[in-house]
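Think of it as A, B, C, D, E and F in the order they're written, each chain with its own count starting at 1.
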Amino acid sequence: MSNQAKKNTGYPYPMLNPPPFRWQAEPDLPEPKVHEWIRTLEPSAAHDTDWSRIDAAILGVPLSRSSISASAASETPEEFRRAWRSFTPYNLEEDIDLTPLSVVDLGDVRQHVTDISRCHQSIREAAATMQRHHPSTLPILIGGDHSITAMSIMGIKDTRPEKSIGLLQLDTHFDLRSLEEFGPANGTPVRNLIESGSLRGSDVWNIGLHGFFNARSLRDYADRAGVNWITMKEARRIGLETAVHSALTQLEKKVDTIYLTVDMDVLDLACAPGTPAGAPGGMRTEELFEAVRIAGTHPRVRGMDIVCLDPRRDINQITIKTGVHVLLSFLTGFMQRDKA
Amino acid sequence: MSNQAKKNTGYPYPMLNPPPFRWQAEPDLPEPKVHEWIRTLEPSAAHDTDWSRIDAAILGVPLSRSSISASAASETPEEFRRAWRSFTPYNLEEDIDLTPLSVVDLGDVRQHVTDISRCHQSIREAAATMQRHHPSTLPILIGGDHSITAMSIMGIKDTRPEKSIGLLQLDTHFDLRSLEEFGPANGTPVRNLIESGSLRGSDVWNIGLHGFFNARSLRDYADRAGVNWITMKEARRIGLETAVHSALTQLEKKVDTIYLTVDMDVLDLACAPGTPAGAPGGMRTEELFEAVRIAGTHPRVRGMDIVCLDPRRDINQITIKTGVHVLLSFLTGFMQRDKA
Amino acid sequence: MSNQAKKNTGYPYPMLNPPPFRWQAEPDLPEPKVHEWIRTLEPSAAHDTDWSRIDAAILGVPLSRSSISASAASETPEEFRRAWRSFTPYNLEEDIDLTPLSVVDLGDVRQHVTDISRCHQSIREAAATMQRHHPSTLPILIGGDHSITAMSIMGIKDTRPEKSIGLLQLDTHFDLRSLEEFGPANGTPVRNLIESGSLRGSDVWNIGLHGFFNARSLRDYADRAGVNWITMKEARRIGLETAVHSALTQLEKKVDTIYLTVDMDVLDLACAPGTPAGAPGGMRTEELFEAVRIAGTHPRVRGMDIVCLDPRRDINQITIKTGVHVLLSFLTGFMQRDKA
Amino acid sequence: MSNQAKKNTGYPYPMLNPPPFRWQAEPDLPEPKVHEWIRTLEPSAAHDTDWSRIDAAILGVPLSRSSISASAASETPEEFRRAWRSFTPYNLEEDIDLTPLSVVDLGDVRQHVTDISRCHQSIREAAATMQRHHPSTLPILIGGDHSITAMSIMGIKDTRPEKSIGLLQLDTHFDLRSLEEFGPANGTPVRNLIESGSLRGSDVWNIGLHGFFNARSLRDYADRAGVNWITMKEARRIGLETAVHSALTQLEKKVDTIYLTVDMDVLDLACAPGTPAGAPGGMRTEELFEAVRIAGTHPRVRGMDIVCLDPRRDINQITIKTGVHVLLSFLTGFMQRDKA
Amino acid sequence: MSNQAKKNTGYPYPMLNPPPFRWQAEPDLPEPKVHEWIRTLEPSAAHDTDWSRIDAAILGVPLSRSSISASAASETPEEFRRAWRSFTPYNLEEDIDLTPLSVVDLGDVRQHVTDISRCHQSIREAAATMQRHHPSTLPILIGGDHSITAMSIMGIKDTRPEKSIGLLQLDTHFDLRSLEEFGPANGTPVRNLIESGSLRGSDVWNIGLHGFFNARSLRDYADRAGVNWITMKEARRIGLETAVHSALTQLEKKVDTIYLTVDMDVLDLACAPGTPAGAPGGMRTEELFEAVRIAGTHPRVRGMDIVCLDPRRDINQITIKTGVHVLLSFLTGFMQRDKA
Amino acid sequence: MSNQAKKNTGYPYPMLNPPPFRWQAEPDLPEPKVHEWIRTLEPSAAHDTDWSRIDAAILGVPLSRSSISASAASETPEEFRRAWRSFTPYNLEEDIDLTPLSVVDLGDVRQHVTDISRCHQSIREAAATMQRHHPSTLPILIGGDHSITAMSIMGIKDTRPEKSIGLLQLDTHFDLRSLEEFGPANGTPVRNLIESGSLRGSDVWNIGLHGFFNARSLRDYADRAGVNWITMKEARRIGLETAVHSALTQLEKKVDTIYLTVDMDVLDLACAPGTPAGAPGGMRTEELFEAVRIAGTHPRVRGMDIVCLDPRRDINQITIKTGVHVLLSFLTGFMQRDKA
């Protein structure tokens, strides 16, 4: 479908490319795999779509030019789609079948090769369009580097400026580095959000910080801005689940919408070798799955992203499979939320 | 020795090849390494062997054509033998010296290149022969893919049809997929055993299931068949050791013989990158070692195998060394059993 | 589409799965990439297809259980389709634009997990169906291991038993090993074809043999059977192009149809690390491309396959990209043939 | 030294960072290795430098955000410096000792994380400064991706707009893709130079094009623009050395300055696995070394760069060592030029 | 600077090479990275150095010829220096800023290619010189293989023979193998120290032993010599922190100086793939960091080393980054000690 | 067999270990693979061995501690033995069947962990013993690093001091570095031989030198010492076969015995990634095979070695398979010599 045609059919996403490929599947399989369950949104079918029945929409954001260190995180959306085949949409431990959920794959935000601000603008517009055209559908962004989180939240805010947004961040880093020095890079999204007034520092909860990976000045900035943070060591002391519950409980008192961002480098480097800034001493895989599932259960969590996963550094798909598992763990919580 | 000659000397294993290589060792070393302690059974010496003094016999099963996804698990028996060099037969933490055990390496089951049912038949015959010729020697099969477990247990059952067998399975998967669709593949051995009447579903205990790797219908099948299962999350909640003890206690009430099967993909993918269907969120290495050791202590555990380890996907021998450690942990338990 | 439905629409390929994924592309791109130019044959569109206008049909054959050594060549069809994106259908050196050719991707032959003879039967039927339903369309099989060549040629022969077939084989090996010992494996296809009477030994030309990779008895068998062979060293002495031309000239005098089979291990191991039996001292990449292009120009070459490429052993996609280039080089010759 | 201080001492390169590390070496070694021979230019010593005695200046350009596919070519300058240790500055085959040459390492152009046009502007200014402050010193840029070539030549042109520049390009690609679509990316530098009037299409000679890696429209554009090009096949037919000599002879009649650009993907993928767009069928290593050496001998070659080498894709430093060898081969020609 | 010159300026380290490279940094950065904070000791500045103000001195020991299995641990000092860039000298979890510490990098002990005893002698002299010239500066050796620990402690002992030294060893192995058989290799340092009278067996505490990696005779030797050891399993039972505290408490009663040696293979192989004798079932990363930090807090710990890290076996820098983190965790404890 | 026993049976090799493993083979196979054809010499059978019927004896030399850069070349003998399985002893291109040759595997020279001179002494004694006890058996040493060549030739010289020895060296390096600086390392063997009077510089022919990998002073030393050398470029100009023939023709006039040494780094790095000092621009695989085969045909070539192959740096066994092919190519020439 040409861009012209897309506009004519009322397709709201001129800034999107469809997913690079669609899986071939028998329709109405009684027991689909994940790639058979998540459906591609065909532009031609867009205006026939009853969005009120779509629970979640996945948006690929193939941008990693804005990463401080060289990254191929732009290849993650495609690798996610390929890896869906290795998963069933049934969580045995929680006895949750995801197939009643209606999840669509919107494809990827079109990105420019040399104009990063244009890339960011398209992401922001895509996020805004999602809010505007189908506000009840939960947006899930698959990055890309962490700079996209600022664009995603700004897009939401553009659509509903009167609503306050809080951030639950699982990360090794504050992401509060200087905008003057770096611009909207993967080291600055939280600062970008605070300084642009998109959210308040005190509405940010960062869990998982550890080690020698944040300058002291960033911690000072965080404290001045009122950012709430719980180190990995502290989270283990009080229980990671408690830490997540506590953050959600605090946030629900203060904001309308909670956005969850998962930087894959929150994981221990041995558990997630495919990250551009991975570090030893981080979260373990099963801890992250549980943290994300809990976040998924909270009714006010209305957006999430998974970022900074570099498939070219990955080994034996460890990190890609872990990333997809994070997505499905979140949706498991989302299902559990629905039941409640 | 020609096949003809083998038959004449009363060597009971026409379906075996000797191990591809034998280590060169000084005899009667005071402190052997594992490759100097485990002895190759020479076909020419077979009828002089006093089997009542052989505690355990290792059988390589180089078959992975029956794996659903491409696998080089057929190369594992050879890689095990090479890796023996990196281990001493002394467990420091348990203060258990394995050298009083007499363990022989029987070599590998001869496998056909294009006739998988002939491969399976040979495995079944080898297992039956082990039971028949030296029933007091504990058989240990080194796979190969998980399809071999069905053949191993059927071979035991062929020899002693009146005895009931129970299965303790450490696995991420039920292995209950449809025989109609897959045949005797690595996704179907437990179903194969149940449907062939080799054991009852209620005599299966599977510990370690987790995540999004089993379709809901398989869980339903498991429940209908009475298969007992404990997820990773549940096992951690009650303690993995407790879970294993509990399974053994239940089984000993119901069956004559307990067979232990260890699918290496029960481990977290970061702990065992060399598995064809590895998944994040699994068991940790030291947890598996302890589970297997405990199983080894139980007097009714009279057979075991280690399967679905693909050395071509392995990294820095992490998975191969872990597999050998599983073998030695089991034998540590076996020694502790003898002492009791 | 269900299998039932397929039968009802007259779709001739009940033994095929559609390609696992289809690329998303803007229709009627002025300058497509290869993945945008090769079209997927939709089963639903099959009986509307005017096959007389289809020049070539690609068939994936995801079988490598029949490989002597462990191989993931079954993953090659999918990796080919992914790698198409990295190529344009325009050969700059020959100034040949492939886009006037109509090439369809039929998908993959459905393969059974544990019954290799059923796998082989399906390949044979698929090849026969191609000959029967659209004899003017050139079949191109993407393996899989070399056993598929025997099935492909037998399928052709089944359809037109009165026609004689010759084989141009680019290979490091004779592939004449004993059928009694191996069955229809990747070491026996040429013997299988000779002994089944599908073709005569004297209608086989093998170019590229070298080194220490064929037992003397195989050479003796080849000579007794009248197989024509030119070693790498001899081919370089007379010129590889001359060798190929010479083989084609000889074959065209004797057979109706020439079938080209390219075993990727004919290449030097450094040029094609992703092969299960790769060897040093083989053909260089540009030599293979030219040999295949020349074969493509010959009007009697009416079938071809590319086999024994194992993507799991590949490094940086060297071998996959080379395999796709072989396919496109052949089609370049095919275009040049049309012009002549 | 602060940026302020740099300006005060007359250091002309406010846009440069010093090399990230300097090798520690005993001064005045009789037989230095390459890292001991190439000297770091200390900013503090800049205004004492007698540039008329500096033969060549190396400039790192750590930019690969402008690469179409994800690339870590930004890490190449540092990897080059590390790899210098593995080379002596003596070419045995040519009996050329490079140590009489005075070569300095200027460090790296400072690059912005998210503003690519600012990155490009800094490269252009650095190139211009080199021309302005020490026009007799030959500039050598170590990329980075191929977009830097446009900036480098524009910088030269900025300084001496009246001089005509010709381009000798060793490449698999035309690099003539649409500026409208890509901007100043690694697929567009030659088009950028032509369309900006920096050089004429007829003053470009591209040697090494091959295979299916350039759309037909790019070839048409090349022909319309008068770009001269010799495919790999043609170059081998006439002799690669002849091809290079021919290009130089043509260029010297038409331009004042010849600029040599080496895209490492001109090499066969097996010879240079560490390139973002590597392809099978390319130039062999020794062919490239000789081509570059010949270019180095021509007195009108007054600038060169090496681009599109991605160390993260490299294997065993094959590509990095080859890149450094290209640099030294060029300098060997440069020495031979001096002698003539 | 020539060796002659070094002697004339009173530089006490004729056996040292300066670090192979020095990072280029702006002086007096408000927030340095680790490579900007640790300063290189320039030989020319050595006699102006006020050593009383230097808290710790890092010495690279690029020796791994004395490793039983092939090892490139000799490359670790350089890889450490490169990896410093990825760390800030601020520990967020402990809120400890390391920058008040003055830490110098002395460079590497000069090593001979074929005379291992001369290598060892140089290490011993370097360690002795450190004690003699700046006894209040804590020495930190970056190996190299474990044989260097014997030399380091002997050097300390040479300088202060009247002082008793105790060893806190974090290791999978006893390192008590036979000196007669191996000489001063990486399997013998503790035995070397005991048998040379440098320390008493009862002043050794080894924490982290596990699995099947120590012959029974070594355990017997350990017990006869009075070596104290706590297996991984026992350490986890009582708490690893408790184990470390207990060892330190015992040692402080008996010795003047405690030396900490960290063999990286104490870590689980999946957490530290880059070790020559890595084993499954070991310590986890965060456990090691905490153990080392606690050791750092003890005022009598006056020397430490990190050994048996082989960067050539490493994957994605997991082990190198972990090694640097061990160094910084120790210095965090050292800072906390100062505060107390 | 104990060392004591070995002495009693007249086994002449107290300094040898048997090969670490022996392949299991059916005896008297009509068509053996290489591992079934090369026989292990059992110490117990040594005094029954009729050495006059043994054509060649293979000796593993697992030493790489004496390598300038870290190397695991010590693991090559074992990797060779494993890789023998992938080869038949029949050279198709030359129609040479090697099985009439009687070749034994003597095992490995016992090496000390920390005393390199003792290692070297054992190699020298092993080589001397071979000459003394079975002078008509051609010794083939599998290194190990290049230092072993000096020991091998010295051992021959020790036994027959009156005989002159010449060296045909295929290498990227002169190996003439300073003995004072390096001792008997892998950079000095030729100098060691010249300075010890074991051979004359003018009796050395080095073919394959290239690039920037030899300091000018080494070339000057070579010329002063009369070493004959032909660069890669020159060898290609005159034909590599001509170069080898020429060297042999010159040497046969001057020496009694010619020794062939193959440093695997003579190959282009892309053809032999598994070498510690590999370089781009070297020999191609098929060129080396032919050079070595020609050397094998010369009746005065009475010893050879293959060195500096590091299996840990190898990729997909490219270099190991190439090394084994070199061995078999040499034996092919040896067979052709016998026929002449």
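In the analysis below, a contact is a pair of C-beta atoms (placed from the backbone, for glycine too) under 8 Å apart; a residue touches a chain by one contact, two chains touch by 3 or more.
Keep in mind that what you see is a predicted model, and the values were worked out from it rather than measured.
Chains that touch both chain B and chain C: A, F. Contact tally for D-E versus B-E: the pair with more C-beta pairs in contact is B-E. Annotation, chain B versus chain F: rotation angle of 180 degrees from the Cα superposition, expressed as a multiple of 5.
Seen from the C-alpha centroid of chain A, the farthest chain centroid is that of F.
A repeat of the C-D interface exists among C-F, B-C or A-D. It is C-F, with more than half of its contact pairs matching by residue number. Of all the chains, the one whose CA centre sits at the greatest distance from that of chain C is E.
Of all residue numbers used where chain C meets chain F, under half belong to both copies. The two sides are thus made of different residues. As a whole-number value, the distance joining the C-alpha centres of chain D and chain F reads 41 Å. Inter-chain centre distance (chain C to chain E, centres taken as mean C-alpha positions): 58 Å. In chain D, the residues that touch at least two other chains are 270, 313, 315. Contacts between chains form some other arrangement here, matching none of path, ring, star or all-to-all. Working note: touching chain pairs come out as A-B, A-C, A-D, A-E, B-C, B-E, B-F, C-D, C-F, D-E, D-F, E-F. Those residues of chain F lying in contact with chain B across their complex are 1-2, 17-24, 26-27, 107.
By the touch criterion given at the top, residues 30-31, 34, 86-93, 95, 97, 270-271, 285-286, 289, 315-318, 321-322, 325, 328 of chain E touch chain A in their complex. Chain contact summary for the complex, chain D toward chain A: residues 64-66, 68, 70-72, 74-75, 112-117, 147, 181-185, 187, 312-313. Chain contact summary for the complex, chain C toward chain F: residues 209-217, 219, 231-234, 268-270, 273-274, 277-281, 313, 315.
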